[in-house]
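Look at the two complexes coming up: chain A is in both, with chain B in one and chain C in the other.
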Partner chain A sequence: MALPASIRSSVTPPELELIASEQLVDIIPLIAMDKTAFISGAYGPLRPPAKSRVPLWMATNLKLKKKCHIVPPDWLCVEFLQDRLMRETSQAEFCELPFRFAEVAKVLLDVASDDMQNPDKIRSLLKDLREARQAKSREGLQKLDHSELSLPNFCSLEINEIRPFFVRAMGVLTQVSRTTQE
Partner chain B sequence: MNERHSPDILGCQEDVLGRLLDHIRRQSETVQLLRGDPDSSEEEHFRIMLAQTEIERVKFVVRSYVRTRLFKIEKYARYIVATPEIQDRLSQAELTHAQKFAHLVESHFNKSVLQGLPPEQRSLHDQTAFMPKMITEPDKTRAVFAHAREHCPPVRLPDGTALEMEKGRISLVPYHVIEHLLARGSVELV
Partner chain C sequence: MDEDYYSIDSILAENQKIQCTFKVDIPEMGHLDGGMERDIKALSKMQIPLWMAYILIYSDYADFTIPPPFNARVRNALNAEARSVRLSGLVGQGGSWYGFGKIIMQLLDDIPATEMSNILTKTFRDRLLEVIDQAQHFAALGSGGGVRSTADVTQMFREGLDSTERELFILAQESAKRTKKWYETSERGRR
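Let's look at the complex of A and B:
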């Protein structure tokens, strides 16, 4: 078959990671490179030690060859995440986070944890944040009906996580409401 | 990505696809050319490698897009052949494939099972109401996650209320509600 059964209903996290890797991050290059044209646009020139902005996939690639340092984005630091976690646990709604924060954070923590201060702390904060939000999304299931559910500040990985279940549930509700109408 | 999340077949992005393939071809040619150059510096090698990485990434996305469409076309082949308005959304190659595939499936059913049935039950068409239907149709009531890229005019929900989506809002709604918004590009599926 053209599409394996396992990926028919939803995309997989590695695929989301691939999409998220198109986002731009700041790096401090350790090698020089002229401006180079790529399919998604032209990046460079790289002139150490000046900062430059490249897509995440390129940054990972350079990092793995020890040719740059990645500057983590503003939101990926202990203070910011701690603040968000506080808000997340004290308020009922989801707090604002970058749409693909989970994927970007994972990639950065995997390859560039030595460029961050306190990566372990960040890891555990991200995990707490995820758990808090997961609990909320489960509660949100009560509000599900057959017409609409709005999900402000949801991020892509979370949507992916709840997709199969919520879509099925909504399908069942649609059927139920159709039968009661008839 | 829209293609992957939508239950129905969307319009074919033929020119985008063509442009991408062009880019890939040109970039690969440059890479090949530079590769053959024996006195390229180390820095050159480095750029070649980066360019190649990107080519692979783009190729993966393109492949994933084409495979998804192929899967849908094969699943709904008989529906596509029966409904003219959906045929506009397919490229010429896709349409030919759908027709051939539908024909193959039909003749296979005929040879393997239908021959042995009484004549009045032989047809594969829906004159009498069969449950489930003979032709697989896309399920447009399936829920999708829609992300508003701009402010959208209100749409009618199945329970009668109107929904106005401001920019950036993410909602779980049945597909048929936002179908026209998706075609216009005001929302994207996530």
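Let's look at the complex of A and C:
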């Protein structure tokens, strides 16, 4: 047990953010660059003002040096999120969202909020979505049993948040139930 | 909780005594009860540590009675409202009510064992939501401790958590704190 307790139970949100940084986003470069090989693959060439698809980490890096504009993904806009929030609050299931939407949205809102229309509205919609979904995962907790749990369309950050205690709780239920023994 | 020989939780859960009734005379063992008697007489009742009780019960030297944390009165209370029972009070501070219950369950035969399992499972489920709710609530207050509103039902509930639930509480709280911190901090400077 050499790992600190905080990272023994699951990965941390910053680690998830790192994983999400490999996802591709569209940028409009402001500088020209030849096709360049990185460990994760070759990206480019950048030819302003043509759009280019690069990983999130590269986009944020360029963005912070003011060398590109980031084109937000289709789902990161007021209309889409409003629609999802409506569905989220009206139906019992989780509605479909990109698996790592929370991480990507946070990074983009962090560095490229000036490339979006109405970032404040997007922020508050994301927050509402998160709360609506949390309320549902709380209901999932009530239905918990020792063998399985199915939460379709649950996203990576949300899974990560509930993982430590859901796993432990299921472990306890396994211990105290008789059906699994012998 | 698990049966691992090296599991500290399991050792701690065994740190309980149960009442046994001896079926046979056992000479020279009267000191177990701390009494003056030299021998243990058949039909005498004695509080035996759980770890010793196993062997006595399995070898048919003694019978045991369901210990007080699981008696009818507690069961009724749990049925009425599981969240208002103070489990920690039943097994002593730091004790594991579920762990104890599980050991008792293994000592029992089929039907009472199933009954026991049902009680444990139902109690755990009934209380789980409240445990997690409170853990997340406390994580949201921040590490500064926030305003402590004492003398209320929630505080009573927290004090009544047994060690298993306490562990869950901490897990949930830590996890909610980590996520909250991530949402609130910006790594912008590091990029």
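Note that the second predicted complex is superposed on the first by the 175 of 182 C-alpha atoms of A that agree within 3 Å, B and C clash if a C-alpha of one lies under 4 Å from a C-alpha of the other, contacts with A are read in each partner's own complex, and residues count from 1 in each chain.
Operating definition for what follows: a contact is a pair of C-beta atoms (placed from the backbone, for glycine too) under 8 Å apart; a residue touches a chain by one contact, two chains touch by 3 or more.
Values in this document were obtained by computation on a predicted structure and should not be read as measured data.
**Student:** According to the stated criteria, A:92 is in contact with first (chain B), second (chain C), both, or neither; which is it?
**Tutor:** In the superposition, A:92 touches no partner, neither chain B nor chain C.
**Student:** Look at A:176 in the shared chain and tell me whether it touches chain B only, chain C only, both, or neither; answer first, second, both or neither.
**Tutor:** second
**Student:** Once chain A of both complexes is superposed, is A:50 in touch with chain B (first), chain C (second), both, or neither?
**Tutor:** neither
**Student:** Quick one: is A:154 in contact with chain B, with chain C, with both, or with neither? Answer first, second, both or neither.
**Tutor:** Only chain B is touched by A:154; chain C is not.
**Student:** For A:42, is the partner it touches chain B (first), chain C (second), both, or none of the two (neither)?
**Tutor:** In the superposition, A:42 contacts neither chain B nor chain C.
**Student:** May I ask you to decide whether A:64 touches chain B, chain C, both, or neither, giving the answer as first, second, both or neither?
**Tutor:** Only chain C is touched by A:64; chain B is not.
**Student:** Indicate the residue numbers of chain A shared between its chain B interface and its chain C interface, in ascending order.
**Tutor:** Residues 61, 144, 163, 171, 177 of chain A touch both chain B and chain C.
**Student:** How about chain C: which of its residues touch chain A in the complex?
**Tutor:** Per the touch definition, chain C meets chain A at residues 1-2, 98, 101-102, 105, 113-114, 117, 120-121, 124-125, 128-129, 132-133, 135, 164, 167-168, 171-172, 174-176, 178-179, 181-183, 186-188, 191.
**Student:** Could you list, by residue number, the parts of chain A that touch chain B in their complex?
**Tutor:** Where chain A meets chain B, its residues are 1-3, 8, 11, 15, 18-19, 21, 31-34, 36, 38-40, 57-58, 61, 67, 144-152, 154, 156, 159, 163, 166-167, 170-171, 174, 177.
**Student:** Enumerate the contact residues on chain A facing chain C in the complex.
**Tutor:** Answer in residue numbers: 5-6, 9-10, 12-14, 17, 60-61, 64, 106, 110-111, 138, 141-142, 144, 157, 160-165, 168-169, 171-173, 175-178.
**Student:** Residues of chain B touching chain A in their complex?
**Tutor:** Touch list, chain B to chain A: 1, 4-5, 20, 23-24, 27, 43, 46-47, 49-51, 53-55, 57-58, 60-61, 64, 67-68, 70-71, 74, 139, 141-145, 157-159, 161, 163, 169-174, 177, 190.
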